[in-house]
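As written, the chain order gives the labels A, B and C, with residue 1 at the start of each chain.
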Amino acid sequence: MKSSSTMHARQRARRPQHALIALVVTLILIALGIGLSTWQFVVVVALSKGLAALGLVLLLRCGLVSFGQGLYYCAGAYAVGMAMSHLGIRDLVPLLLLATVSAAVIAALLGVLLSRYRDIFFAILTLAFTMILYGLLIRNPVLGGSDGFNVQSPTFFLLADGALSRRTMFIITAVVVGVSIWAVQRFLATPMGRLGPAMKDNEIRVEYLGASARRNIFWNYTLAGALAGLGGGLTSFSIGHIDPDLAFWTTSGEFLFIAILGGTRNAYAPFLGAIALELIRSLAFQYVPNSWQIVIGVSMLVIIIFLPGGLISIARLWLRSAARGA
Amino acid sequence: MSYQIKIVSAAVATALLALGGTAQADEKPVKVGIVTFMSGAAAGPFGVPARHGAEVLLEELNAGKVPAPYDSVGFGGTPLEFVYIDESGGTSQQVTEFRNMVDRAGVDMVIGYTSSGNCLAIAPVAEELKTLTMFYDCGTPRIFEDDEHHYVFRPVAHGTMDNVGAAMYAVDQKPDMKTYAGINQNYAWGQDSWRDFEGALKQLKPDVKLTTSQMPKLGAGQYNAEISAIMASNPDILHSSFYGGDLEGLIVQAQPRGMMEHVPTILTTGETITHDNKIKIPDGTIIGARGPHGVFAPDSELNTWFRNAYQDQIKGDPWYPSYKMAQTILGTKAAYEKAKADNGGQAPNTEQIIAAFEGLTFVAPSGEVKMALGNGHQAVQEVVYGTARNVDGKLTFENVKRYPSEVVTPPEGVKSEDWIKNGMKH
Amino acid sequence: MLMLPAAIIDGIMYAAWLFLVAVGLTLIYGVMKILNLAHGAFYTLGAYVAATFVGFWLAGDYNPYYSYLLLLLAGVIGGLVLGVLVERGILRRFYKEDQVVLLLVTYAIFLILEDVVKMIWGVEPYVISQPYGLLGSFNIGLLYYPNYNFVILGAAILSGVGLALFLKLTRPGKLLRVVIHDREISMALGINVQRYFLVTFVAGSILAALGGALTAPTISVAPEIGVEVIVLAFAVIVIGGLGSLPGAALGALIVGLVRSFAVHYFPEVELFSIYAVMAVVLIVRPMGLFAAAEPRKI
């Protein structure tokens, strides 16, 4: 029988790997973005959406489907936009912090309510709340109404004066994504992170074990909101324009699709899904502009039937066989 | 097998070269990205007629069949190549497509954009990518009132004049009116239209009273409650900036109830539904075309050519979006050729075209166009309204009034909203 | 003066329309526990088929009064064909998945059907407004209402009462109620649940298509008419209780009257009032106003 100290030692030995892998993936992304500069924009948008989908993955692991991640995505983007135009803040770091924190606060407030609901009711309530935000924004001419408004490039205190270039913005996005992946991977290794699939399986047994399902869901939901807010903030810089469509339920539907496409296995999956979706969409728009929705719909069905674990399951098989072959 | 293919392709290439005629075959064609709605609710009333307008212009320009001063082939003798992009999918998608057009497809310039949201999002990207971009339809005055742009032009008038003109026409036609109402879609286009109309009306006749302002969701489709509310409140005039399926639904639902027969209705984009003979427009309805376009275009050689060419190719009459697209393309052509002449006959670069375009005056099928606002980047035109009357089953217009641009558009440096609030001085 | 009776009449008429488009959705959920996001696409299809049938009929100068029959036919045929195709062809493969996956499957089907409609009928709108005005109108004071509204009201009442009687009195109806109550026990009792799924889905599709077909003469039939309808139908059945027939009627009435009063008295509020009502009902009584609370299964 193995002693507990050996088990702990083994766990400690596994931990640094998270940081290493995240670092390697970040470097690959940066190389990709700089090397294939024509795809840089597509990738940076995909990475921002991937963050929102990452939050969704946390919820999916708990067995909850949210049609309302768009709410936090939009909140993060508008926090950045409003801070820039009304508070005059132009530096990247405070802006991103503001985006993440404001989204987290809203998520915490709503999370108190939402953590009591499950299944279809949870889904519908999240949809209702994101549409309420949409309705509020559309009616508000101060925030640009349905046309939204433009967001300028931020400054970064370490680098020289003037606004950030596209390439630097890309690198920063990749780094933020890398750090988020590492953070979430660490979170998934904690007891709270591991409780997700258990709750999805049988919530009552989890409570018999002494854990609070409600509290768990609350924290997962808040974290998901924070991630989506961060993604929204990054999006506002990359695209340069924000509008209430970010809160429309179809945006949340897109995040859901990304999460399913990528898989819910680990924190890398949604980014794989996001990049895959942007590629599919670009190509579909170019070659079959009148039927690109069919392409998306069929892809969704194909993934659900043949690849329920998402693209990440292929990636893992491939990596594992590559490692074995090496 | 490959031998036969080589022979066939050589034959085809020779044939094409022979047909090419006097075109400068060694010069690269000017590649233009054309962006309009090809799917979705805005395709029917705007995107499709605009695209048809572009197709007609492409055909006629490359054949050199346009009357003077546009009689050279393409732009300055260089033929044109159009790449059509669908404007749907939202601003994020459109920004991606714009970058794809410039980075991957290598277009020389971009013409398009109906949605104000898209125009606002695209303008800074055009500046960043240093790509000459012409907006052909979007109405928001914010483009040049809120910011300065170097690479962006709008050779058509913006939306303020539609609603200021509507208010003026309403007061001209019904000087003793006491009450007004509105039904507009609840998003930026409808909200801004209503705000401008109400603001202008209050300036012209301070004692008018609002009976009801209905703001249904974009795409709501069912307007029976709104129609009841409007009819019950009995206004002297009704304003609406509805378009497309929503407008058709409104008319179809209003017709058996007689709303538009009892209440004179102003349709600021109404010209787009005058072409469908399944929709009957009641007498007394006031129709706008967002400028002197469509049936309101003054007689000229250019107008006659455009209508005939469009009729031949598309088998229908050109709508106002077709006119605006044609105007934008011809304005760009005028700027290109002026820049080429200033450049000693050599093909001009983007900076030279911009210098020529700023402050330019050119002619279009709807008349003379002056790039008078936005530091020479924003055009002004008159706005025209007419009252519909069905004569022998055909739709005609009476009491057609033209309002010159100075009267309905704020001057340089003044924001539309402020200008209206301060009495619309000119 | 006229506002109150107008608001009530408008509310009831809108409620009738809402019930017609929502009842199929609640039926499918009740029996199959699937929230069919493709419901809007069936509605759209019904409208397009009706536009084609009636357009053809009216162009041929036949007796326009028969167009009403054509509308019904369009709804039934459109719903039947598409319902069978979708259920047999696609949906059947996913029954073993959980609710959430099925939601995404129906969303995918919705996307596909949207483009299919565009491929068959193009992006230009269709107008077949003649049947709308043909039956004349009635008036209350200055307000005129087309009698066509009675067609929609009648269809709503007939389908509601018809379904209720079917479920209560007929044998298949009673067996359907068993399936609604507990799928596993029904299978254990030997009920052919798969067949009931097919029948239910087709019935729901027909009801949706019928809603679209009957609405077609009042609107301009264009590609995106289904999008708004899904959200409204959703709100109605959530408020009334998912899977409950009287719930759908009550939900329709509430949403219809709230919207009508908002339009007449507070036009500013209209935009998101429906989501707010939905959220409030869900918070206060999540199973809706009519459904019984379900015990948690261990």
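Just so we're on the same page, a contact is a pair of C-beta atoms (placed from the backbone, for glycine too) under 8 Å apart; a residue touches a chain by one contact, two chains touch by 3 or more.
Not measured: the values here are computed from a predicted model.
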Looking at Cα centroids only, farthest away from chain A lies chain B
The larger set of C-beta contacts, choosing between A-C and A-B, lies at A-C
Separation of the C-alpha centres, chain A versus chain C, in whole Å, is 35
Chain-centre distance (mean CA atoms) for chain A and chain B, in whole Å, is 39
Shared-interface residues of chain A (touching two or more other chains) are 138-139, 290
The positions of chain C in contact with two or more other chains are 118, 271
Where chain B touches two or more other chains at once, the residues are 38-39, 186
Listed in rising order, the residues of chain C that touch chain B in the complex are 2-3, 6-7, 9-11, 13-14, 17, 118, 123-125, 127-129, 132-133, 137, 142-146, 148-149, 217-220, 222-225, 227-228, 259-260, 263-264, 267-268, 270-271
Per the touch rule, the chain C residues reaching chain A in their complex are 35, 90, 93-94, 97, 99-101, 103-105, 107-112, 114-116, 118-119, 231, 234, 238, 242, 271-272, 275-276, 278-279, 282-283, 286-287, 296, 298
Per the touch rule above, chain B residues touching chain C in the complex are 38-41, 43-44, 48, 186, 212-217, 219-222, 224-226, 228-229, 231-232, 234, 244-245, 248-249, 252-253, 255-258, 276, 278-279
The answer for chain B against chain A in the complex is residues 38-39, 85-86, 89-93, 95-97, 99-100, 103-104, 116-117, 120-121, 123-125, 128, 140, 142, 147, 186-189, 191-192
Chain A residues touching chain C in their complex are 63, 65, 113, 117, 119-121, 123-125, 128-129, 131-132, 134-136, 138-139, 202, 204, 253, 256-257, 260, 290-294, 296-298, 300-301, 304-305
